[in-house]
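Order of writing sets the chain letters: A, B, C, D, E and F. Residues in each chain are counted from 1.
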Amino acid sequence: GGRKYFNDVAERTEVPGVATGLAWTPVGGDILFIEASVSRGTGKMTLTGKLGDVMRESAQAAQSWVRANADDLGIPADAFRYWDLHVHVPAGAIPKDGPSAGVAMTAALTSIYTRRRVRHDVAMTGEITLRGLVLPVGGIKEKVLAARRAGISCVVLPEKNKTDVDEIKDEAVEGLDVTYVKRIPEALDLLLENEAVEDPAELFTISDREKQLAGPPSNGSPVVVSDGDPEPTPPGEPVMNRAR
Amino acid sequence: GGRKYFNDVAERTEVPGVATGLAWTPVGGDILFIEASVSRGTGKMTLTGKLGDVMRESAQAAQSWVRANADDLGIPADAFRYWDLHVHVPAGAIPKDGPSAGVAMTAALTSIYTRRRVRHDVAMTGEITLRGLVLPVGGIKEKVLAARRAGISCVVLPEKNKTDVDEIKDEAVEGLDVTYVKRIPEALDLLLENEAVEDPAELFTISDREKQLAGPPSNGSPVVVSDGDPEPTPPGEPVMNRAR
Amino acid sequence: GGRKYFNDVAERTEVPGVATGLAWTPVGGDILFIEASVSRGTGKMTLTGKLGDVMRESAQAAQSWVRANADDLGIPADAFRYWDLHVHVPAGAIPKDGPSAGVAMTAALTSIYTRRRVRHDVAMTGEITLRGLVLPVGGIKEKVLAARRAGISCVVLPEKNKTDVDEIKDEAVEGLDVTYVKRIPEALDLLLENEAVEDPAELFTISDREKQLAGPPSNGSPVVVSDGDPEPTPPGEPVMNRAR
Amino acid sequence: GGRKYFNDVAERTEVPGVATGLAWTPVGGDILFIEASVSRGTGKMTLTGKLGDVMRESAQAAQSWVRANADDLGIPADAFRYWDLHVHVPAGAIPKDGPSAGVAMTAALTSIYTRRRVRHDVAMTGEITLRGLVLPVGGIKEKVLAARRAGISCVVLPEKNKTDVDEIKDEAVEGLDVTYVKRIPEALDLLLENEAVEDPAELFTISDREKQLAGPPSNGSPVVVSDGDPEPTPPGEPVMNRAR
Amino acid sequence: GGRKYFNDVAERTEVPGVATGLAWTPVGGDILFIEASVSRGTGKMTLTGKLGDVMRESAQAAQSWVRANADDLGIPADAFRYWDLHVHVPAGAIPKDGPSAGVAMTAALTSIYTRRRVRHDVAMTGEITLRGLVLPVGGIKEKVLAARRAGISCVVLPEKNKTDVDEIKDEAVEGLDVTYVKRIPEALDLLLENEAVEDPAELFTISDREKQLAGPPSNGSPVVVSDGDPEPTPPGEPVMNRAR
Amino acid sequence: GGRKYFNDVAERTEVPGVATGLAWTPVGGDILFIEASVSRGTGKMTLTGKLGDVMRESAQAAQSWVRANADDLGIPADAFRYWDLHVHVPAGAIPKDGPSAGVAMTAALTSIYTRRRVRHDVAMTGEITLRGLVLPVGGIKEKVLAARRAGISCVVLPEKNKTDVDEIKDEAVEGLDVTYVKRIPEALDLLLENEAVEDPAELFTISDREKQLAGPPSNGSPVVVSDGDPEPTPPGEPVMNRAR
């Protein structure tokens, strides 16, 4: 089983901006991908993937943390001012919520801006705070089992979730490298490759003339095209496929 | 039967910006058209056709992917900055939702910006992700049968939906060319004509003076004039025709 | 009967920007007027008349089509950039919805921008698409009868609704000139007068100094002051007259 | 009875920008005041007074008509560009809705911009359209009786409501001057004083330097701080007085 | 009893921008404070204190009246253009609504902009209109008793509420100075101190260079971070303290 | 028990911008952290942490008070104009509401802008007003016990809550230093360290060229990506983990 998934994960994270998170669902754990992409713009952030309010707030906190620590991370300030950011979480029809993707969000954002890829064999879960703390989350057992099932080699968890892992039978986590972190910087050290695939300072460079034509910075809430509510269907009318 | 529909499809896709998608409905599969049009503006995106949240997010993801890959596709950056984009899905009174029109959205957008028409005899279904993956979708059997009924020659499907097609009886898909794709670039190679009907670099050219008068770039959510909810009708008051 | 209405229609459409549509209601067909007006501004579109989401989207599609075809229609680009557009559908207290006013919307908008009046003796129904197709709509029998009752001479219908007319008894449509169209340009040829009442190029001219003071272009959703929901009334409090 | 109200009306309309409308309520007719005021700004329109969607749309239609006819009315274009407009309908706690205040809205707006006062002894009701038609409204009998009760001398009604007045007993409208109108210009001739209290061209003058500092024009929906819904009150918590 | 409250009121109104209003609640009358503060900005208005729609509209009407009468009040126009206004009504957890704080809103706003303090021994109630009328409100008996209980010396009421006071037993209002007003200017004469604590023309002065850096004026609805609805709490989850 | 928490608190507040508040929950008191962070921008305020309307309004009031008192606090005006502010309250999945975090909000904001850390051994509760008053709040007993349980040395409370503390048994508050305040400045004297970790005048300095590229100031409501409502979950679809 793992083999099939492993290829999937490796393939899905081969470019900067993709991190592998862990989710809890009523039928067990699952892996999910946080995808970040950038294109020239004015600093807008777009959030898609049927994300609930808490998960949107988590993305906002990840962005604030990355921006506030841009200097240390080697990200040019212009990257936030003259590029737009899109964060998407496939699959698009499945509602997702909760704060536990905070670490994965932060890894995906740091990756897209530093051009350092997220290690393809590592999955992560954990809530983040603006100060850079990694807070414990629920569903650890199901998540760890899902990671192993998906062929993941290494899992990064909040330090305060250590007791949850201790309760899992040893054979169930055999061969899985579990690391605990207290703060975001430690997590990023474990999660991101050391080498950037390209130089962020070069990529996020823009001429003065382009700056003048760029227009004023984005000034408002993240772009969300979903209100989070299920769409009502008038009786008797056909509806296009939501199935997945 | 097919004859009648075939003409319809060919006629409906004879200009750039129109792609033929496949939909699942409670009463069987159907084809649907994704229409994209551009006019001079500031980069706004308008979405119409009674689209649900997931389908709107899908359009947003398609746009992000096209913008992030504009260089490779030969689309001038000014096309996104100094033109507005409108994506409409007829028929306007039928609610539509789900992520499965992602590939068709991407084809329609790439077509309108590259001025390469979508091949008139091909239909498509599949969810997309920001990284350019094509994810599997539901309702494959009904969709494939609908494509054939509509006189479509070729259907492009997500690779992970191959097993769904294998389960359909051979005679039901006879004469239908089914191709599987893993990533958006492969899909576009199959879906778009090689030749552009006009040169995008020329079409999307704008003088410096026009740039100065153009105003700042669009800076917010896609323009949506529908909230996706059915409109309440006060009892006893006449309502204009919703029928189709 | 017809006499009284006929005067009404003629009077109501004697200026550019007013088109006569056809509506279906639970108690039979009716005529309705699409009113468009322009005033100096920044390109905003305002929609009023208790319009449902689908009808608002229909207005948006009509505007996109007219803008994308402005060159062919002889409309100066500045008309969309330095004027505001208001589309109103009386009577203001009656909820209206559905896509079938698409052709009438397009006729009213083309009329206000080209300064060619809509022919006063013609009524129309039909959904439009961004590509300029005219799609079939429901309630044809009731609509045609309403047009005749209102003294209309000519009705323009979608080609795919021909069979609906064939089912109406001949004497019921006697004296009514029914024409079928497949695309918007054909429809506009039938609906608009050949001569403009004034030269649009002259009317929509604006000095460079005025352009500089005009401010940036409108940048967002159409202005809608109605959310389409019925207003709740606290028990025991008086409410102003909604009657019509 | 009338005496007391008459003074009230005269007093309330002694400045430009106030028109006396007529309302229907479940307990009979009533008079209501439409108040318009302007202050330096960027062209914003603010609507208050617990107005329902239809009444807000009516205000929007009134503004569009006045702007589109500004030249004929002698209103400088800068009045709409460099001043803000506030339309309020007291009493603020009573929900109001419906299109029948259209004529009164138009009178109040024309009055505030032309500086011609609305005649203090006249009340009015009627829906308006963008083309300047005055459409019939309901509750005529109750409204006319309310006008007389309030000491009004003259009532301006839509022509199509003539039959409603004919049905009222003669003694009930004795001494009341009832006039019927088909179009807004006729109505304004009857409703507004001939002389302006000051010269609008002078009042709405602004220096070039002020224009430069004024900022871009207002660009969006009317400012509404009410969503039209009754406010929920958590059980057991005190609520400030809504009584009137 | 009064002693304790009196100190409270005096203390709470010792700076410009604070007015003492009167509220009706199901358990009797109460005093409430309207707090206004200004800081450098672009003309935004922020409203907080769990205010219902009608009370928000009342604040908007107060602002429009003060702006329209700024010249007479001696307020420099720049005060509205280059400063932000925040209106807050403690206590923040108690829902408040209704139009009866209109006079107190107007007093607080006039006070913050003219730098004349509101007299600390006076409380007020009354709805306002854009034309400057003071309209009668409900709950007069309870409000007057609450004012006396709180040690207030003087109460300013709408003239049309005189009969409500006449019905209160004489001993209940003994020692309370009750004044009636018909228009806002009369009310302000009674409510505000004659001397300003500082010169508004000096305070609201800003250099030309600062004007250029200030950015465009605020252009939209008042800033409201509350939608007036009670927050739902998912069952079984802890909620932070709402108590007061 | 306290030992574990104490370390937690000390660690969590070691940088400027973090204050320790006290919360009441149905199962007892708890401590919560108010985190503020700043990054270069245009003056936007972002609020996250599943905050209810009243708590959002509380943050807004804190910001207004800090801005209005910036001079006295030694905060450069540019800090509000050219930096964005993010206020987050972990844990992100737990709904929080009420006005009682006002003092902690004000402390966190003053800390982030003055670069003086909040004392790590002090917790606080209290509603604030725009005028700088500290109003009493509920749940004092539970909050004080929670502070002690968490190893806090000093608690700052509203003066009007003194009687609530007097009712707690002496041994329950043994060793806890409880201080009462009437106004925000007194509270800040107790809460913030005297020394700044860096010079705010230096940190919030920006070149003239940067000011010109910065764009216009933020002009609207605080950025909130949560509407405060629980997200509906369609039956039968998996939902990502909300557990904590």
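In this section, contacts are C-beta pairs under 8 Å (C-beta built on N, C-alpha and C of every residue); 3 or more make two chains touch, one makes a residue touch a chain.
If you're wondering where the values come from, they're calculated on a predicted model, not measured in any experiment.
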Same-site or different-site touching of subunit B by its copy subunit C, using the half cut: different
Approximate Å spacing (C-alpha centroids) for the pair subunit A, subunit E: 47
Centroid distance [mean C-alpha coordinates] between subunit F and subunit E, Å: 27
Where subunit F touches two or more other chains at once, by residue number: 93, 216, 219-220, 224, 227-229
Contact graph of the chains (line, ring, star, complete, other): ring
Ordered ring members, subunit B first, subunit C second: B, C, D, E, F, A
Complex contact set, residues of subunit D against subunit E: 12, 15, 17-18, 33, 35-42, 44, 46, 48-50, 86, 88, 90-93, 213-216, 218-220, 223-229, 231-234, 237-244
Touch list for subunit E against partner subunit D, complex: 23-27, 30, 32, 47, 52-61, 64-65, 67-68, 70, 77, 80, 94-102, 127, 129-131, 133, 135-139, 143, 211, 216-217, 219-222, 224, 227-230
